[in-house]
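Naming follows writing order (A, B, C, D, E and F), and every chain is counted from residue 1.
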Amino acid sequence: MAKPSKKANAIKGKPNAALPNAAAGDDTTITALDLKRAALSPAMEAYFAKCSEKLGFIPNVLQAYAFDLPKLETFVALYNDLMLAPSGLSKQEREMIAVAVSSQNRCYYCLVAHGAAVRALSGDPVLGELMAMNYRAARLSKRHRAMLDFAVKVTTESWKIEEEDRETLRKTGFSDRDIWDIAAVAGFYNMTNRVASATDMRPNSVYHAQAR
Amino acid sequence: MAKPSKKANAIKGKPNAALPNAAAGDDTTITALDLKRAALSPAMEAYFAKCSEKLGFIPNVLQAYAFDLPKLETFVALYNDLMLAPSGLSKQEREMIAVAVSSQNRCYYCLVAHGAAVRALSGDPVLGELMAMNYRAARLSKRHRAMLDFAVKVTTESWKIEEEDRETLRKTGFSDRDIWDIAAVAGFYNMTNRVASATDMRPNSVYHAQAR
Amino acid sequence: MAKPSKKANAIKGKPNAALPNAAAGDDTTITALDLKRAALSPAMEAYFAKCSEKLGFIPNVLQAYAFDLPKLETFVALYNDLMLAPSGLSKQEREMIAVAVSSQNRCYYCLVAHGAAVRALSGDPVLGELMAMNYRAARLSKRHRAMLDFAVKVTTESWKIEEEDRETLRKTGFSDRDIWDIAAVAGFYNMTNRVASATDMRPNSVYHAQAR
Amino acid sequence: MAKPSKKANAIKGKPNAALPNAAAGDDTTITALDLKRAALSPAMEAYFAKCSEKLGFIPNVLQAYAFDLPKLETFVALYNDLMLAPSGLSKQEREMIAVAVSSQNRCYYCLVAHGAAVRALSGDPVLGELMAMNYRAARLSKRHRAMLDFAVKVTTESWKIEEEDRETLRKTGFSDRDIWDIAAVAGFYNMTNRVASATDMRPNSVYHAQAR
Amino acid sequence: MAKPSKKANAIKGKPNAALPNAAAGDDTTITALDLKRAALSPAMEAYFAKCSEKLGFIPNVLQAYAFDLPKLETFVALYNDLMLAPSGLSKQEREMIAVAVSSQNRCYYCLVAHGAAVRALSGDPVLGELMAMNYRAARLSKRHRAMLDFAVKVTTESWKIEEEDRETLRKTGFSDRDIWDIAAVAGFYNMTNRVASATDMRPNSVYHAQAR
Amino acid sequence: MAKPSKKANAIKGKPNAALPNAAAGDDTTITALDLKRAALSPAMEAYFAKCSEKLGFIPNVLQAYAFDLPKLETFVALYNDLMLAPSGLSKQEREMIAVAVSSQNRCYYCLVAHGAAVRALSGDPVLGELMAMNYRAARLSKRHRAMLDFAVKVTTESWKIEEEDRETLRKTGFSDRDIWDIAAVAGFYNMTNRVASATDMRPNSVYHAQAR
């Protein structure tokens, strides 16, 4: 029953002065760690240039890893393989897993960046919100519900995963290779959520308004 | 490192066909319960009319309570007192509590509706996201951090609140009346989060795009 | 295998001197907040007088809210609607929910006051104890067990409530309106438990001996 | 704000007919297991007779163990050593630990039986309620608070107990022997709570009204 | 993908000097409490002598209890009855319960001592590891899985044990007496785990290499 | 107080026949997924050959990833960078983090493989056990305790990591680069633990006896 009074703000002619923009600094102070940027290899220079060209910006996670070239390269290789390589899971499905997992871990960076990806890939802004808030409230296909139930169980109590859980996926139509991919994507965000939270990694502010 | 491909969607000329709009039906099937709307009293008729005029829509929570007039009236009275009456807490602060509490309870309705309210009242879209995702990642004043720490502890382990917790608020500048108000607002959303989740209450779809 | 030695205490002629009465002060220092009592409206004066006449005392929660007349009035209206108005749930059933919810939140005020209500309404002192200690240990009808399972799930993990949970209630004979009432009563005590714990609200000492 | 209507029940002339007495059967069907009582040894015969004489009944836990004489004897020996033998902890303190631990484990048998013991030994009925509901709401001496904080941490996350926890007890005046006794009593109820819950052990109905 | 380089250590000619042997002191400083050993009774002298003869050492838990003769004697009696007396559960099964329970409570003493027992009794070193790490990863018979599921539920949420849980055991072939024994052994380690953790009890270093 | 009776087993002349070797099949059925091995690239052929030569076996995790060459290569690159590349953390320290994290997630594969690594690198078998059982029971240097406290908090509640946690590490002597490395190693095992548990990945049986 929110009653936002845009008029009130309009009268004042500016946003609430008591609060700075909450994203202020997110594009310049990317993590809480003081790490000097390494010289990029030609390959990484090219990759950053391609990001700038295609996205209009370089994702902060890349800048965060750029203090050490091998770490940057292995991260990029792993990310690209998991999220972009051929798979029985569509890119949108992989992003849905990313956000549902990040919601369990309450990771600010990943919820912002991958929430935007779900909105853009699905063309459905609300779907991104649902993944970030509570995937159980979304009206999902059986396939997507089973996929996310598995990814979330892998996130919150991986030690209780048993054959029965894999069988549920198989019965929903997932192949063994798909099961690997769900596990691998869920696992990956359980890694990056933690690296991001441990270093206070901040998402590029541009994500917030994307594909709304 | 999300790479939304707006062009790809544009080529297809429409959103991902495999998924319906995730908010589809949210404005018509407001809860999972089949309850017949009661005749509104003149006062409630006037209130609904005022909502339509000021907000452009009637918040779904009001429509959900409208099956029983006394329940609707007591809800409206309680809501208006807690969120709009004079208090040492600004309206924006009360909405910040609403969202931080709803984040703990992963309540879809309240995160959507009150996230929009934080965005509008603060004029800062990112602040709303931070309250919904992880208030600890927001760069808050000491006042706001103490306020939200208390509200969240009240939400997740109220049985452990002791004098020390109240003393922390007093030292940050909150009066005893303010402490009541933080507790009362946090308590209220712990109620509405549960009523909403228990009945699958859906937020008006218009909230999603508000004040982005 | 408790072996209370009443004789030993009798010899000493008084209760254990090392401990003051644990309820000492509960009737005078009602909360930990220093809030000045407001002037009551005639309606509230009459309500307090009726409490004194019928119960022999004014419940401390009313005195706690009496620092602000609108807050007192909305609380009374909400309480009376939820707990006393016509419903498919009997008054005793609503009190059972109150205590089972309060047990999850370990709320001293509500366990004492509503535990007494269950004892009195049911004429069964042990039922009140079971609701406060572990409702699963009570030998309940299917109706009561389903009702309390839902109320407790709403309390501890409301974000996991889904259509399946509502269907279980329907199959046990609850109407959609009953489901709302279970959710609303459970929600209400999740609010009052938190307000009471956040303010260290103390129950009238008279409750302890009632209906034993 | 409970409003028990004794008159309503009085009119009906009997307790709520819809519900049987919740303790019905507790004195005859002592556990959910079908175990045949063994022949008691003369020592155990004498012990049971002494219980009958002093307490007026034989605690159900003794009857539950009576299917196997060695198990009964070792239980009695352990119980008597822990709860009745000389210790730096008074008998009442040991019973306070028993109830606070049983509250964490929501053990119906132990909360009823040892709640009665705290009421009787302290001469303070409310103290027993507080131990069962939320020991943090009790106004305890520093000694008792430290003692129960340790016992409850031992109960809920024993793997996190470290030297610092023991030092807190020592600084409050407990000897190393006292620390052992707190740990041993807390440990014992973590055992009996589980045996009681696993077998649905029921407390003698007489406990409920004792020392109110 | 561990790559232990034994050669590297060999070159240095000794273990990593930066770390003392992690078990150093475990055989001499048995607990963190300063408790003077009591004079043993002839029966306990004989029992200790028998341990020395049969095991080659006196288990530290016995030395820990030896500050008080009645406590030592009741502990020994209880332990011997539960773990060695006739039962429908084999000794190995009782040790499996001991380790699975201790794994939930992360008790260093019990995991080391009883892990060794499982290895020795089963002749299968890996089985001991599985009980300590995650019993769900072990390929168990239905009997053993049901037994451990019950023991672990008794450990982590005993308040949720109901008739259905006992019925599952009965259907797997356990008698009511067996159910008692599973509960009693699980309960016992929930006690000793806590006494051990609360006192920082250290296992004899000899256990580590036993039956590998 | 384990009393392994090696003699009893010796009489039977073989291990307990009721139980197969718990590691049976671990070297042949590496995961629960039916995935066909891909053709290795020359680089990976060489890597596998080097493993065989140096370790005497190919770690099962490599064989599990070998169904897809890019996945294998990125995993190997990431693993080698994190665990073997120059860092302010020694290799042993990185393995200690691996095991402490895996203990929280109860990952059978990683506890076995990296437990062996801690034993081998430290030359101290008990240290490996302590990391797997409860790192808080180990007598650690301040450096190691702070390192593991951070890694475990990153594992269990990464959303609560704040500047204060990083400051604790800095005060203990860790550089910002070291903090990254602790977070990255902890994050990595939070990924691999989940991939291993989700696929029932089994550790090579040879690990169990290594460096005991």
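List of remarks:
Operating definition for what follows: a residue touches a chain if its C-beta (ideal position, glycine included) is under 8 Å from a C-beta of that chain, and two chains touch if they have at least 3 such contacts.
Keep in mind that what you see is a predicted model, and the values were worked out from it rather than measured.
Any chain bridging subunit E and subunit F, meaning touching each of them, is among A, D; the list is complete.
Its C-alpha atoms fitted onto subunit F, subunit D is found rotated by 120°, rounded in steps of 5.
Annotation: the subunit B:subunit C pair of sequence copies touches via predominantly the same residues, more than half of the used numbers being shared.
Centroids of subunit A and subunit D (each the mean of its C-alpha atoms) stand 50 Å apart.
Note: centroid distance subunit D to subunit E, computed from Cα atoms, is 26 Å.
In whole angstrom, the spacing between the mean C-alpha positions of subunit B and subunit D is 43. Within subunit C, contacts with two or more other chains are made by residues 106-107, 134, 159, 162, 200.
Viewed as a network of touching protein chains, the structure does not reduce to a path, ring, star or complete graph. Touching pairs of chains, sorted by label, consist of A-B, A-C, A-E, A-F, B-C, B-D, B-F, C-D, C-E, D-E, D-F, E-F.
Interface of subunit C with subunit A (complex): residues 159-160, 162. Against subunit C, the residues of subunit A that register as touching in their complex are 134, 136.
The touching residues of subunit A, when paired with subunit F in their complex, are 32-35, 67, 70-71, 73-75, 77-78, 81, 85, 105-107, 150, 154-155, 158-159, 161-163, 166, 176-177, 179-180, 182-184, 186-188, 190-195, 197-200.
Here subunit A touches subunit B in the complex through residues 1-6, 9, 14-16, 19-25, 54-55, 59, 61-62, 79, 83-84, 92, 95, 103, 106-108, 111-114, 116-117, 119-127, 129-130, 132-134, 137-139, 200, 205, 207-212, going by the rule given at the top.
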